[in-house]
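The two complexes that follow have subunit A in common; it is paired with subunit B in the first and with subunit C in the second.
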Partner chain A sequence: MPRALSRGVVVLLAALLALFIIGPLLWLAMRAFAASWTYPDLLPDAWTFRWWSVVFSDRALGVAVQNSLFFAPITVLVSAVICLPAAYAFARFEFPGRRFFLIGVFAANSFPKMGLFVSLAALFYALNLMNTILGILVVHVLGTVVFMTWIPAAAFAAVPRSLEEAARDAGASKLRTFFSVTLPMALPGILVAAIMSFLSSFDEAQGTYLVGAPDYMTMPTQMYSLVLNYPTQVAAVFSILLAIPSVALLLAAHKHIVGGHLAEGFQIK
Partner chain B sequence: MTTSDSGGLEIEGLHKVLGGRSIIHSLDMTVRPGELVSLLGPSGCGKTTTLRMIAGFLTPDAGSIKVGGREVVHLGPEHRPSAMVFQNYALWPHMTVAKNVAFPLKLRKRPKAEIAERVDAALELVNLLHHKDSRPARISGGEQQRTALARALVQEPELLLLDEPLSNLDAKLRVKVREDIREIQQRLGITTVIVTHDQEEAMSVSDRIAVMNNGRIEQFSTPADLYGTPATEFVATFIGSLNRLEGAIKDGRVVPGPGVVGIRPEDVVFGTETHPRGLAATVERVVPRGHFAELHLRREDAVLRAYVTGVPPAVGASGCARIEKWLEFEDGQLVGQGTAE
Partner chain C sequence: MTAEVEARPAVVVRPAAPAAAGQTRGLLMALPPMVLIAFFIGFPVVLAFGFSLGFTGGLNRTVALIGQNVHTAHGIVPTLSAYAEMFTNARFLGDLVVTVVVTVVSTTVVILLAVGIGLYLKFSGGLIGKLLSALAVIPLFIPVVIASWAILGFYSANGFLRSVAANLGLGFPVWSYTLVTVVIGSVWTSLPFATLLVTSGLQAVPQAMIDAARDAGASFWRVVGSVVVPMAGVPIIIATTFTAIGILGSFTVPYFTGPNSPNMLGVDMSNYFSAFNQPQQAVVIAFIVFAIASGIAAVYVWANFRSAKESGAV
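Coming up: the complex of A and B.
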């Protein structure tokens, strides 16, 4: 195939891919400022900020934003406290059932979510966790276990033992060695895991709706009622707001994410 | 950097079983204060295991390890008065060269000014002051090696341990670094144990060498003694080159016998004139080795390798080859040695 033609095909495919990704976002952005936009018009008939003021003046929406910004960081924190020690153990110790538990961490992600949440709800009723902050946290943390275990486990495993031994030899206790050598070296991997967990918590809708609604609405669960109760423009505004933290986080961390840390997470044996 | 009042090392009855296999059997060794000793042997002989037990990364199943007269066998690596240079250097990539060297002193909670001073002195000693603020990944292998050495020396340890310190360097650098290590070791008078599989490396830096095989020390002596009077056939073949012939030696020729005769190639002399103790020989092969050549000589009793300096004879040339010195082994042990009158 001539060079120019093959180049043309590549450019075309790239453009198609870009359109596939950016197209809906563009449509969404336009819709958020559209007074009304109906078929078969190619462009909205007028532009307006009205929908933005609707969103910002709605108290329920403000609360949802607050709730989301409350649950996501706490989820990351709780998940880190629970999962990082497990990740370290998976990476550094041989114990009976290690493989079983490592694979078992995937279990929460290997069933249809809704089925899992329905049985979880039955359990939560028994434990009085329905409509509680704790209940929602449990749901969110469950969704992050895979990221917070597998990726950091690989990051810990990638730290050469001789570097830890050198620290011990230099006079560091086991704890000091962990905090001065192992943890800093595994940090990029842990950061990736934390971002993935943050986003997973931020986007969690089904379980939160089932356990928290109507007392605790987060941004994604609020989306459901928005889509039902308001013109589509309001939903467009809200989804743009919902995307801001994800985009900001990914931009801030893209340097670490392009590295092999994600791939690394699935190479642990 | 001050000269450390180094302690000696005493190892007694060391035993180690790993994975159901006995790695070290009843090992005894004494290193005198200020002495440099090499643990030399083929891979799997237990030399690294021994070093790791001295450093505290492995716990022996039995035996005692004393540094400067103090029992350390129950201590973790962080409490032992030894410092180790790792084979892959094990520098911390997230710290600069200076921070790597400063870390052991920070752990000892030394005052800031003292740390800065001692780090500079250690880096000066290994000639790396100009790379102080570089990350380990930005400097060469030889420089990383010297950083690791500085990190060990800054602790002013009673005992310096080096695990295959030169194996990751290229051949030319190896000679220079080993001379540097020896020079610094002598200047500081620090008791040092080096693990190596390279006999030339061990011979050139050590006061004494412990030749290990199958978890035992075959012989523990000076380089000259190991070469001239090897206690076992293993030591004789492992250190230097050896013509190994089954039989015994009688009137300058090899005759059938129960033992093994070992002759160093430099103790085989080849010439064109006949000699009363010599036998007719033909040159089968000539291997140039730089400032000397290795000849393969066929005599009626054996094929002998010989070293000659100057212009080597041509392949196929005939002459006379005689044996000047030999070693006699039975059941792997040295039972005699002789020199032609």
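Coming up: the complex of A and C.
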């Protein structure tokens, strides 16, 4: 193929991919500012900020935002406390059941989520976890275990032992070695795990709805009722709000995520 | 960006020197997430499996009392009648076929796109390469609920594609609430993860190998087919299995963008549980989906062991 032609084909394919990925998002975002829209015009008839004031003056929606911003950071914290020591153990110790545990995390992840929540219902009724904050936290943390163990485990494993040994030879204690050599080097991987966990909690809708509705509505669960009960534009505004934290995280950690930490984590060793 | 991915050697985990102490400490440190999974996933799943086989006592009592159309086992002999009911239900069988077809089609498209983007980055890079990989990662950061809803609007009767076509005086089909949008939505949401895994796998193929093949006179496609893709085989298999398992059990995308019937089994599970109040049937569907997912998972585990063997860890 002539060079110019093949380059043209590539540019065309890239444009199609851009349309495929970004098109729906832009199309939705425009709705948030549309007074009305006549088919088949490609732009709204008139622009307005009215829908934003509708969202900001609706108390139920405000509570959903608060709930989401409450659950996501707590989930990351709880998940880190539970999973990070395990991640270190997977990377640095050989212990009975190690491989079984690693595969167990994977098997737990491959059970269909909806089926899991349906199964959990019986247990949650028995333990009085239905409609409780603790119940929702359990559901959210369960969704993060695979990220919080696998990705940091790969990050810890990638820290060269020779560096740790050098620090030990220089007289540093085990704890000091961990905090001034191992942890800083594994930090980008842990950061990626934290972001994936945050997004997973922020995104979780089915389980939260089953366990928390209608007492505890988060932004994604509120989205379900928004789509059915409000004008299209209100849901569009809410979508933009819901996407803000994620996009901020994307910009902050883009380099680390694309840099292979995520990919590293998904190979059991 | 992705070009910065280094060709890292596979990390081989070796036990630390004092083996016995490390064993106990490692086990203790690894326990908390395992206990969490065992208690909140393993235990309920075993209970639910019992329920699906007709055991309605113990912790299953409440759910069996609330639910309708519950099949009960006689004594300790399990009954398969709940499974038999589903497998003679024409609507379920149709949805099973739809689920498998959507999974296979979407996974194929996702992997082809991911490999295409990865190969372009590996061989050409440049601005377009960076743009492609950046584009492919965007969906990772958009909550699935929003994505489904945005896609529904984009392909709807008054959506973008129909508007453009109408302005040009052409007709265009309505894809909203059809299986086409389910496939589109599944591809959209699964693309970032697969692209990250595949791209990083392709980047790790040593340039020297490619140069050697080129020097020996191999064409571009020969290099891709006989050197690059086989060497990145394990990451590609891992990406494929994860994508397939994710789509197989998906709920939000088919629920929002798909037709009422036939639709995917994730939606059926929710319907049987909430709308029809038949929890046993919901659980039966979950185990049928899990059985298919286990088949795919076996491939994943096999690929990992193969890679561990190659790197000398086993």
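The working rule: the second predicted complex is superposed on the first by the 262 of 269 C-alpha atoms of A that agree within 3 Å, B and C clash if a C-alpha of one lies under 4 Å from a C-alpha of the other, contacts with A are read in each partner's own complex, and residues count from 1 in each chain.
One rule holds in what follows: a contact is a pair of C-beta atoms (placed from the backbone, for glycine too) under 8 Å apart; a residue touches a chain by one contact, two chains touch by 3 or more.
Computed from a prediction, not measured in an experiment: that's the story for all the values here.
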Specify the outcome, clash or fit, for subunit B and subunit C once both structures are aligned onto subunit A.
fit
Could you look at A:173 and tell me whether it touches subunit B, subunit C, both or neither (first, second, both, neither)?
first
If we overlay the two complexes on their shared chain A, which of subunit B and subunit C does A:181 touch? Say first, second, both or neither.
first
Classify the contacts of A:112 with the two partner chains as first (subunit B alone), second (subunit C alone), both, or neither.
second
Which partner does A:27 reach: the first (subunit B), the second (subunit C), both, or neither?
second
So, A:193: does it touch subunit B (first), subunit C (second), both, or neither?
neither
If you count the residues of subunit A that each partner touches, which comes out higher, subunit B or subunit C?
C
After superposition on the shared chain, which partner residues are touched by A:223: those of subunit B (first), subunit C (second), both, or neither?
second
For A:155, is the partner it touches subunit B (first), subunit C (second), both, or none of the two (neither)?
neither
Check the residue A:205 against both partner chains and state whether it touches subunit B (first), subunit C (second), both, or neither.
second
C-alpha centroid angle, subunit C to subunit B via subunit A, nearest 10°:
90
Minimum CA distance, subunit B versus subunit C, superposed model, integer angstrom?
6
Do subunit B and subunit C touch any of the same residues on subunit A, and if so, which?
none
Interface with subunit C, subunit A side, in the complex: residues 10-11, 14, 17-18, 20-25, 27-28, 31, 37, 39-42, 82-83, 85-86, 88-98, 101, 103-116, 118-123, 125-126, 138, 141-142, 145, 148-149, 154, 157-158, 199, 202-203, 205-206, 219-220, 223-224, 227, 232, 235, 239, 242-243, 246-247, 249-250, 254-255, 257-260, 262-264, 266-269
Which subunit C residues qualify as touching subunit A in the complex?
1-2, 4-6, 8, 10-16, 19, 22-27, 29-34, 36-37, 40-45, 47-48, 51, 59-60, 62-63, 113, 120, 124, 128, 131-147, 149-151, 153-154, 157-160, 162-164, 166-167, 184, 188, 191, 193, 196-197, 199-201, 203, 234-235, 238, 242, 245, 248-249, 251-252, 256, 265-266, 269-270, 273, 279, 282-283, 285-287, 289-290, 293-294, 296-297, 300-301, 304, 307-308, 311, 313
Residue ranges of subunit A in contact with subunit B within the complex
160, 162-163, 165-173, 176, 180-181, 184-185
In the complex, subunit B residues that touch subunit A:
55-57, 76-80, 82-84, 86-88, 90-94, 103-104, 107-108, 151, 155
